[in-house]
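Here come two complexes built around chain A, the first alongside chain B, the second alongside chain C.
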Partner chain A sequence: MSVAQTLPLIVITPMFGAALLVGAGRRLPRFAAETLGCLFAAGAAVLALLALAATGSSAGQPAEWVGGWRPHNGVSVGIVLVGDRTGLGLATLVSLLVLAALAYAWRYFAEPPRRHAGSFPALVLLFQAGMCGFTLTGDLFNAFVFFELMGVVAYALTGYRVEEARAVQGALVFGVVNSLGGYTTLLGIGLLYAHTGELGFAQIGNALAGSPGTPDALLIAGFTLVVTGLLVKAAAVPFHFWLADAHAVAPTPVCMLMSGVMVELGLYGAARVYWTVFAGPGGMPAADAHRALLALGVLTAVLGTLMCWQQRHLKRLLAYSTVAHAGLFLMGLAVLSPAGVGGVAVYVLGHAGVKAALFACVGILLDRFASVDEHQLHGRGRELPWVGALFGAGGLALAGLPPFGTALGKAVTEEAVGGWATALFVLVSAVTGGAVLRAGARVFLGLGTRPADAGRHPADETAGEEEPETRGGPLSRIPDTMLTVPAVLLAAALAVGLVPGLRTGIGQAADAFTDHAGYLAAVLHGRAAEPVPTPPPHWTASGVLWGLVATALAAGLALWTVRRPVRDDVARWTVPLRRMHSGHVGDYIAWFLAGVTLLGALIA
Partner chain B sequence: MSAAPYVVAGWLFLMGCYGLATSRNLIHAVGCLAVCQSSTYVLLLAVGYRSGGTAPVFSDIAPGSRPVVDPIVQALTLTDIVIGATVTALLLSLVIQVAKRHRTVDPDELSELRG
Partner chain C sequence: MTMRLRMWVLALGGLGVAVLYVLACLDLPSFGGHRHPYGDRAVRAALARHTANTISSVNFDQRALDTLGEESILFGSVLGTVVLLRQTRDEDRQQPEPARVAPSVRRYALFALPVTLLIGLYIVAHGQLSPGGGFQGGVVVATSLHLLYIAVDYRALERIRPLGLYEVADAAGEAAYVLVGAAALPAGWAFLGNFLPYGTFNTLASGGTVPLLNAAIGVEVAAGVVVLLARFLDQAVEIVSTDEEAEGRA
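Entry: the complex of A and B
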């Protein structure tokens, strides 16, 4: 069996597992259902790893034309899956993280309703299938279909605990905003089809090359609309509002997946569409794309950081840190160079491990104390030293402590962006990491004064009283899986920074990812062309230094804050920012429209 | 081929967004989302239309004997409708849960998640 033929299996395996669990779930005990879920997730992970290993050494980008609908003379109506190293690498990351989330959820949830033991693992497997399909697809319309599949499953998973008032509200807002983003993408796809008569990435790129010159209004509109939907998923400002609301209420294993990979897949989609479709002759001028992505990236990083620091609800705090990091990723991609893509790829890998581990620690707190509020939990985490250690390590890694993968990714990305961006990268890392360390110091060490009235909170703020997610009150002891999973995830984030082979592989993947002509040749004509090699991501002295500076800043910021008394009211300058994040779906749609206009103005 | 279908598609999308932004009822908001989506149906079908074309079904006409409209966009529209049905059903079921838990479907009165 060739590598190309395994590509559909990576998508079908979890989908089949989900179907099996839905069909047989009524008769299965919980143990069997969860074992089956883990098996299918692991199966897809093994397939993706094998395919990745098989393509690792060659420049080939195996393409599978499903059902044998191959192109004739460069024209095709078939469905194509392309397994380049970036796509397969992301599919591997998705599958491994799904496995981690399922293992974490092993004894986590309340006893599922009788005869519904299979529904949670089945939904997670469907989520995995949608995400893997999105990473491997080679055409725009299927990208939209997989985008919607992962979207719909994510709404359902967010509102999984339907008996909870906040969960259903967050899921609804998430659903409305993301679906509207999806339809915007589809409008853009329609315009591009009208322009070129093609749907495949490579085919559209090929057709656009026939009419070089400055892009016309139709092309600009198509690009703007397609990218808008993907940026909604990527939580770029001002499309980011759904993220904190969804993360605050989603079950913890789902937060691990949404923050760890789903948001990053939106960025991957935007980058993929740019390089395969628009980077060649007749596409979008690089300067326009650079300007738009960089402006949105800076906005996202700054706003995410400001909001992250203000949170006392731990899940919202982590969610806004994801927004801030998505902004940094966007800035790295905006460089439009292999170095930027390689740096972001390392950063995304490291961030996935660290952020998922942090969410896992918060999930343990939620189980023990039925709260994720920084003030209410003050000092109560002292009985959980291991969780505290993991949480602290996660905070340091988020701030960019070498040799974590996050530090390497940050260093390479900030070097690729260059100039003033280094300051922004250091500040964003320091403040988001500092916010996590501050919360950790208060909760696990009991530092600082205990807030007098932790139950009270101003109307503009979300406090962290949440329903516990585990069965019949807190578990008698923390299951080993709940502690092992964050430890393994942090170790993986460390390995991303330390294993040299991974860096070389990512460097090669980034070279191929940014090679427009090579992708077209590989998909349309099956010719493998070696891209121009560039140096892979590597440690530099200045990168290590800035990582240490950011970590020291984060620790200093955290210590300085916990020594000061806790304010009863919110700081006055944050009120307008907080009012923006109103939790009102109508407001979010208005921001969405403003965002589309802004993006169009930046591109045109 | 007139520009009218494209104008209609743009109008539907913007009106759906307007309804979403000003909605005072979540069921109405989900309906507005469906209006937004119907603009994609109109756009796709308009893109595939050929003057004087007939349905691309070759059971009673010989291939090549007369123009047919583009079958690809019709397949896309059908897929799109299936997705729309799923999304609408899921969102409406969430609205039912919101109504049960919050005792209201007015988004102005849902104020638990802010800041």
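Entry: the complex of A and C
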């Protein structure tokens, strides 16, 4: 069986697993259902890894025409799956992270619905299938279908704890904003189809090359609308509002998947669409795309950082740190060069491990103490030294401590963006990492004075008293799986920075990813062309230095803050920002429309 | 946010999107043109595979992977609904009361039920020949069963609606699509390849795998919609929160 033939199997393995779990759900005991879920997730991971290993050189872009509708003279009616290294690498990351989330939820997770033991793993498997399909497809409409699949399942998973009104509210906001993004994308696909009569990435790109020149309004609108939906998933400002509301209420394993990889897939989609469809002649001028993505990236990074620092609800804190990092990723992609893509790829891999591990630690706190509030938990984490160590290591890694993968990714990306960006990257890393370290110092070390309102029930939106997710109330003992998963994830994030082979592979993947003509030739004519090689991501002295500076700043910021008395009132300048994040879905939609306008204006 | 600011953001944003979209639409190819690159190719491909209904050929042959994704979206939505509308700890289930139905309504619904069921099955079975197919027919079949709720009452509907069976059918429809697609692999075809004989044009047994995939969708949609509606109806008719119950007794 060739590499190309395994591509559909990566998508259908978890799909079939989900069908099996639902079909047999009434008879399966819980243990069997969870084992089956892990097996199917692992099966897809193995297939993706094997395919990745078999894709030898960077020029290898195995393309599988589903149903055998191979193109004749570059023309086909079918859908193609493309197993280039970036797509396959992301499918591998998705599958491994799903496996980690399922292992984390292993046996501890609150009772599934009566007689539906398999429903949680089945939903997670469908989530996996949607994400893997999205990474592998080479067709714009097919990408939309898988985008919707991962959306629909994610809404249900977010609202999983329906007993709480907030879970329903968070899932509803998530569903409404992301569905609106999906429709926008569909509208854009419609425009592009009307213009070119094609739906495949490569085919549209090929058709656009027939009419070179400055893009007309249709093309600008098509690009804006398609990218909007993807940027909603990527939580770019001002489409980011759903993210914190959803993360605050979603079960911990789901947060691990959403922050670890789903948000990043939105960015991947935007970059993939740009490079395959719009980067050639007749597409979008690089300067316009660069300006739009860079502006949104900076806005996202700054706003995410400001909001992150102010949170005391730990899940919200981590959620806004994801927003901030998504902004940095967007800035890296906006460079529109192999160096930028390679740096972001390393950064995303490292971030996935670190962020998922941090969420896993917060989940343990939630299930032990029935709270995720930094002030209420003050000093109570001292009985969990291992969790504290992992949480602290995660905070340092988030701040960019070498040799974590996050540090390498940050260094390469900031160098690719260049100039003033280094300062912004250092500041964003320092403040988001510092916020995590500050929370860790208070919760696990009990540093600083115990906040006066620690005992009472604060009514404002930042407080974090929650129901534990475990069956039978708070845990008395932490299960080994819940502790092993974050440790393994952090080790993986460390390995991303240390394994040289991975860096070379990512460098080659980025070269192929940014090779518009090579992609079209490989998909439409089956011709493999070696892209122009560029140096792969690597450590530099300045990168290490800036990483250390960011880490030192983060630690200093955290220590300085915990030594000061906790203030009850919030700082005046933050009030307008907080008011923007109202939880009111109507507000989010108003900002959404303003965002589409802003994006269109930046591109035009 | 204040109402005023909200309205300003909404108005400016909405105006911008409207301008963008109208400008784009002005650049669209004019109505009634003769250039249909995909349409022409799709019709040719459908005829080559002896599928009279080109739309079914696009759905179940040329772009069958899209349909697998769409089927999975429905499957995931139904599963999500089962999870979200479950009976929670603070809810109880009550037997619904028998209801009185006006005789004319009852006569109409009992007459319409078998007719609707037959039409639904017909639409599924002829998907490869005439407009329709598994998605459309499946919904009609599911609707027909619910006419019993209108004709008699909820308890009557529950008797012909063993939910466990429908959940299995829902999953079986999803699995069947994957399996038919994978069955092409040993025959040397790509996944979802149309590996069966194409049959005689414009007869029930034409189109190769199209009728099979179509039937899988029909089963999944019919069963899925029944399960979906059951969850909503249960919430409306049977499930009450214990607070409400206590209030009702007091």
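The rule we apply is simple: the second predicted complex is superposed on the first by the 594 of 604 C-alpha atoms of A that agree within 3 Å, B and C clash if a C-alpha of one lies under 4 Å from a C-alpha of the other, contacts with A are read in each partner's own complex, and residues count from 1 in each chain.
What we mean here is this: contacts are C-beta pairs under 8 Å (C-beta built on N, C-alpha and C of every residue); 3 or more make two chains touch, one makes a residue touch a chain.
Note that the structure is a prediction, hence the values are computed from the model and not measured.
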Exercise. In the overlay, answer first, second, both or neither for which of chain B and chain C A:Ala286 touches.
Key: neither
Quiz prompt | Partner chain(s) touched by A:Ala571 [first = chain B, second = chain C, both, neither] | solution = neither
Quiz item: Looking at the overlay, what does A:Leu545 touch: chain B (first), chain C (second), both, or neither?
Solution: neither
Quiz item: Regarding the shared-chain residue A:Leu126, is it in contact with chain B (first), chain C (second), both, or neither?
Solution: second
Quiz item: Is A:Val249 contacted by the first partner chain B, the second partner chain C, both or neither?
Solution: first
Quiz prompt | Partner with the higher number of touched chain A residues, chain C or chain B | solution = C
Quiz item: Does the superposition put A:Tyr155 against chain B (first), chain C (second), both, or neither?
Solution: both
Practice problem: Could you look at A:Val499 and tell me whether it touches chain B, chain C, both or neither (first, second, both, neither)? | Solution: neither
Quiz item: Does chain B (first) or chain C (second) touch A:Val585, or do both, or does neither?
Solution: first
Quiz item: Does the superposition put A:Leu172 against chain B (first), chain C (second), both, or neither?
Solution: first
Practice problem: Pick out the shared contact residues on chain A: the ones touching chain B in one complex and chain C in the other. | Solution: 77, 141, 145, 148, 152, 155-156, 159, 162-163, 171, 187, 191, 193-194, 199, 582, 584, 586-587, 589-590, 592-593
Exercise. Write out the stretch or stretches of chain A touching chain B in their complex.
Key: 77, 141, 145, 148, 152, 155-156, 159, 162-166, 168-173, 175-176, 179-180, 182-183, 186-187, 190-191, 193-194, 199, 244-245, 248-249, 310-311, 459-462, 570, 578, 581-587, 589-590, 592-593
Practice problem: Would you mind writing out the residues of chain C in touch with chain A in their complex? | Solution: 1, 6-7, 9-10, 12-17, 20-21, 23-29, 35-39, 41-42, 45, 58, 61-66, 68-70, 72-73, 75-77, 79-90, 164, 167-168, 170-172, 174-175, 178-179, 181-182, 184-185, 189-194
Quiz item: In the complex of these two chains, what residues of chain A are touching chain C?
Solution: 5, 8-9, 12, 15-16, 18-20, 22-23, 25-26, 64-69, 75, 77-79, 81, 112-114, 116, 119-120, 122-123, 126, 129-130, 133, 141-142, 145-146, 148-149, 152-153, 155-157, 159-160, 162-163, 171, 187, 191, 193-199, 216-218, 220-222, 224, 579-580, 582, 584, 586-587, 589-598, 600-601
Quiz item: Which positions of chain B touch chain A when the two form their complex?
Solution: 9, 13, 17, 20-23, 26, 29-30, 33, 36-37, 39-40, 43-44, 47, 72-73, 76, 79-80, 83, 86-87, 90-91, 94-95, 97-98, 101-102, 107-108, 110-115
